[in-house]
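Chain nomenclature is as follows: A, B, C, D and E, assigned in order of appearance, with residue numbering initiated at 1 for each chain independently.
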Amino acid sequence: MLKVENLHVYYGGIHALRGVDVDIEQGQIVSIIGANGAGKSTLLNAITGMIQFKEGQILFKGQSLSQIPHKIVAAGISQVPEGRLIFANLTVKDNLMMGAYLRKDKSGVQKDLKKVYELFPRMAERIDQIAGTLSGGEQQMLAIGRGLMSSPELILLDEPSLGLAPLLVKTIFEIIKDIKNMNKTILLVEQNAYKALSIADKAYVLEQGRIVKAGTGNELIKDPSIREAYLGKNQKYSESNS
Amino acid sequence: GCTPKPAQENTSEPSAPEVVKVGWIGSLTGDQAVWGQCELNTVKMMFEEINAKGGLLGKQVEVIGYDTRGDAAEAVNAVKRLTSQDKVIAIIGPNASGQAIAISSVLEEMKVPDIATVATNPKVTVVDGKVKPFNFRVCFIDPYQGAVAAGYAVDVLNLKKAAILYDVADDYSQGLTEFFEKTFVEKGGEIVAKEAFKSGDVDFRPQLSKIKEVNPEIIFMPYFFKEVALSANQARELGMNAVLMGGDGWPSDVLVEMAKDAIEGSYIVNHLDFNDPEVQDFKDAYRAKYNIAVELNGYMAYDAVKLLEAAVNEANSVDSIAIKDALETTSVKGITGQISISKDTHNPEGKDAAIIKMVNGEYVFQQKFSAK
Amino acid sequence: MNWFYIKGILILSGINLLAVLGLSLLTGFTGLFSFGHAGFMAIGAYITAVMTIHFHMPFLMALGIGGIAAALASFFIGKLTLNLKGDYFCIATLGLGEAIRLILDNVQYFGGARGWPGIPLHTNLLNVLIIDMLGIIFLVFLIRSRHGRNMIAIREEELASQIIGIDVFRYKMKSLMISALYAGVAGGLYGHYLGFLQPKMFQIVKSTELTIIVIFGGLGSISGSALGAIILTALPEALRSFDKWRLVVYGAAVIFIMISRPQGLMGGYELTPSNIKHLLFRFVKKSKIHQDMGGR
Amino acid sequence: MNILEFKNVTKNFGGLTAVGNVSFEVEKDSIFGLIGPNGAGKTTIFNLITGIYKISQGEIYFQNHSIHGLQPYKIAQGGITRTFQNIRLFKKLTTYENILTACHDNANYGILDTMLRNAKYKEQEAKLHIKAQELMEILGLSSQKDIIASNLPYGMQRRLEIARALALNPSLLLLDEPAAGMNPDETIKLMELIKEIRTRFGLSIVVIEHHMDLIMGICDRIMVLNFGRKLADGIAQEIQENPKVREAYLGEEEEHC
Amino acid sequence: MSAFMQQIINGLSIGSVYALMAVGYSLVYSIMNFSNFAHGGVIMMGAYMGFFLITAFKLPFLIAFGFAGLGTGVLALIIERVAYSPLRKRNAPFLYFIISAMGASIFLENIVIATIGPTFKTYPKIFSPQPITLGNLSLGRLDLIMCIISTISLAALIYIIERTKVGTAIRATAYSVRASALMGVNTDQIIMIVFGLGGLLGGIAGVLFGMKYTVYPQIGFITMKSFIAAVFGGLGSLPGAVIGSILLGIIETLTSGYISSQYRDLIAFALLIFILVVRPIGLMGKTTEDKA
């Protein structure tokens, strides 16, 4: 469904992505793991047109993808960005409605709105709160909810569990599975590598702007070098709870 | 070397006619641009005529005009450029006192005379009793104009209760106000209200409403025609019917266009009578050339050029210092009256003011009037 | 070009530069945007003139007093307004700048709106240059000290500045007072250059002119301010022969430079001695090569 | 001895009680964990301590002195600093400049000294420089010295926030989700780091985190907040076994793989 | 008493002029977060367009009015394209926008001086200059019209911004262009809408201003007052801009009427600063408490 080929991204002199290839099939969950600064967010931003790239290409459903953000959204790709980027000056409800900005099916929007409120009851309680005053985790819920509102075919999640309480982290991964069950495609970037790998159909390891490993989620979990570098030793909670 | 070089000696070669330069400064941009552009137009037109008639002492004249944006520091720069780089023999302008005062030190240093057009502040030519050697002008001064206005109001119109509305941020307006008030009170009149606004304002109703309460017989409005038109209209809207009076900031076709009815019956202290047969030629020529009516400054610039021409002829030289010396004694018949410069003040002495009344949207000459 | 004329432009650039340096500290380094600096210049100009004319004080001393008077005025103004944020502060300064002018218009002791001629012509290229040099050196020293760093921190992130123990209000005050001091001295020089003072000279236009120079030169760059002051004072002179089209071209030039170099001329970079050495070194090396080639 | 005491502190936002009648003590030299569901009021507690929010009711004592109504900078100078959940670095300054700026309180030369560039200025500036270098080394930021803060990867930005806070020689350090955005491996390194700086600088630390490994691994005491109220408090084991905490926050244990 | 009432009417009349200008200005401010000093130039151009459409092209008033609004809308878009959009693309800080705007306003003012000329122009009398009189009080017809028009445009704007989808997108874009783009918003288009609307309002203000007073190249200077009024009313709040304008008008009038016209601006400013000291976000500004 989405094919990234030989992608190079530069920030001025910094060569952040050095020829990345990623292949995502319809209905899959694809996870990308990697250390801080590996270039994970850069990859997602390049796909959604938030960063312009000079070399390589991105194909969506076999066609070359535009580099203009709103056209990409219209094509059916949405992103839950790192650092949330919620509209701090709008109310919770308006934030969610912004997610559905391009949608024309009013009833569908209402249905999805209800679903978001079900997933995050806290959002329902705070419909009219100005989003900037939400707590960090509440903002994260809002960002995810907003991403769901656009009802995309492909959703890119950049560290969705960041700043969420353990219980909620579980919920988030449940939601990701739910989304998949709706026959949607997910590209997931997560620090919580264990969880990310365990739900992934396919996973990539990104190091210093290069894909160094790829495989199914299970293969990678078992890979000792991955365990060493990303899963941590003697980690009780990261493998179980959070 | 930073010693100023005197103007080139005249080593006449008959084959190529020599060119001398005359400078002009004033506002071509900014809110005073109306007056500046008219002056520069006039000066250029006059010298074209002079050149056509053979030039100054046989030399062709090139006019170099620089914009000052109405800013004193810019005026200083412009005069520095005119005197040092362009090497003009004399300068005409500027059209406001602030700039005319600021340039005098440069004039003195470079020894080039300047003839101001409508800079009416006394300090343009005289400070602390001392006359500035290189500053001259062709207009009468604020104290005189203020006194004429007050004198005419009390002595001729017999109006004893006056209100003043003035522009507190404008030097010209403050000057006229001061001297109008002084003379008016000396002559036994009473100033019942004195209200101010600030340059750029367009609404004067608060001040006018206040003036209305004290019911003056005459309102003195010493400022420029845009504000005059607006304030006169607003005064009438508020139901005030006092006589209005103003100075040389008033005369303009635009004033009539904007406030014909409101200023009906008002009095203006002016430099000349626009209907004087002698000025018609100039008026028509200007309109023919520029397709726009000449403003008051045009007449003053006309006289400044006339004065300069006379001085050059009298000095029989285009040397700046010689011109300056000649200016001190020159007397010439200008369009606004006889211009006889006084050696002690560098002002034109004995120039009567022309009192104008607005009748049916026309500037109708009443009489010549002089203070005291 | 004639030296007499150029000298005049240089003196005016130097005076503008001094005011711009002050404003640069406030706007470029502390992040406060003022529209009232012409007001501080006015205070400096009039007080300095009073000192030289009525108290027969030596010029440099009078300049100092003029500067201090402006700084004092800014202290009271700052007390009232420094807690305001962004444009609110900007408007407050605009209002106060205009208020200062309005008072001067009304004070007949100083000649009111009609102005004050006959101020001795003490300003010359030498004293302007020396004062500018001192102004630059002091500003550089300040910026590279903990005081300057604290001001920059406030510009970057006010809340975080508080959390690392910076007394934001006090540092804003320091910055404002120093910048008013600069403006005041610049005003003193200005009056004694023109020999004439009039409140009209210190309109909002003057304030915005200073701000344009600071941003044009590059926020947070002292050498940018210096370059900006010289270029933008000289530009209108260069455009003189355009007469009524002059400001049209000026306006277009301002836009053009902002959009083609949106970080300003220097954009936060400085011409430091080491940078210059670097440049010179390269230049020397190049010319050496040239010489070598020529020798052969 | 207690370095920080909360006595019946309440903070309301309009109708919402973000923190309701909360009391607790932080012992000197200890690491104190603050956990709870999203929106429980943890960050608000930090904002109250650092003077960014004014308390509605109650009293906060730092080293036995009330800090009620003090300006944030005063509190910081008094020895409490923090990091922010939503990173707030001096974005356009480099790593080094961020830290150096924060060192300012270690010097006391005045503006006159800078004008003269006298010995006092030079000595103290040199000291500040050394201090900044040292902090960069401790936090592993030396290789990023000249990188503009906003271009640092997320994890590095968090470290830089800690370095900047330490520059003030605080006696109480508040960390708001320092491990957010770090992977488990990096989190472990961060745990070591926190322990190290505690001993090295003789600090007391309050840390908010959702990474239970970190909290359970390093905290001497833990308090759990829920809906602005205290739900539990105790040592790690007590908290883990507390059914109310499990229900509201941790969730039931999953089977291992 | 009637004198006092008259002064209040005077104040309302001046205030509604400020308000009409402030609405367009404030709209752009609330979205773009910078003071669009070119707005004064746009208003001035509106006044000239209206004037020439009525006098030279002999168009009926309402049509001229419409075309002038359209013209300034386009002008505002051009300014956006030329002077701001390149800055936006590079994420320049707001100060640069302000300088660019100042450049634009210098340009506009002087291009009028250089081409059309510096003299003032007067609109033909369309409404009777005879005021409506109530006993001793008089109220200009044009004042009334201006009041009505500012109210209508304010209401329309508030409706658009608060109630419509485009409005939400406008507010979202105001906060973050980046995030809005991620939602599928064509942010360029939104910004064009905002500037176009702002220009349209500027044109309306310009024509009415020109009719009430006169047309001249320095009209833009008056917008300084509306800028002050908008700040005073609370930046970014449209009703704030209007209320601030009306209040500023009344304060100014009462000051010249009852305290001192010489020191009017001084006292008015002192009052404004006093209010800002007490309430640093203006009358209706939103508190954006910094949440750590």
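One rule holds in what follows: a contact is a pair of C-beta atoms (placed from the backbone, for glycine too) under 8 Å apart; a residue touches a chain by one contact, two chains touch by 3 or more.
If you're wondering where the values come from, they're calculated on a predicted model, not measured in any experiment.
Compared with subunit C, the chain whose C-alpha mean position is the greatest distance off is A. The most distant chain from subunit D, with centres taken as the mean of CA atoms, is B. In this assembly, the C-alpha centroid of subunit C lies 31 Å from the C-alpha centroid of subunit E.
Our note on geometry: subunit A versus subunit C, Cα centroid distance of 49 Å, whole angstroms.
The mean-CA centres of subunit A and subunit D are about 29 angstrom from one another, to the nearest whole unit. For this pair, subunit A with subunit E, the centres built from the Cα atoms lie 43 Å apart. Listed for subunit E are residues 110, 113-114, 262, 265, 290-292, each touching two or more other chains.
Counting partner chains per residue, subunit A shows two or more touched chains at residues 133. Residues of subunit C found to touch two or more other chains are 102, 106, 159, 244, 246-247. Of all residues in subunit C, those touching subunit B in their complex are 1-5, 7-9, 12, 101-102, 105-106, 112-115, 117-118, 121, 190, 193-196, 198-201, 236-237, 240, 243-244, 246-247. Contact residues of subunit B toward subunit C in the complex are 1-2, 4, 28-30, 33, 37, 40, 65-67, 69-74, 76-78, 80-81, 83-85, 97-98, 101-102, 104-106, 110, 121, 123, 127-128, 168-171, 173-175, 198.
Touching subunit A in their complex are the following residues of subunit E: 165, 168-169, 171-172, 174-176, 178-187, 288-289, 291. Residues of subunit D that touch subunit C in their complex: 50, 52, 71-73, 76-77, 81-82, 84, 88-93, 97, 100-105, 107, 109, 111, 114-115, 117, 121, 125, 128, 164-165, 167-168. By the touch criterion stated above, subunit D contacts subunit A in their complex at residues 13, 35-40, 42-43, 85-86, 151-156, 177, 180-188, 210-213, 216, 248-251, 253-254, 256-257.
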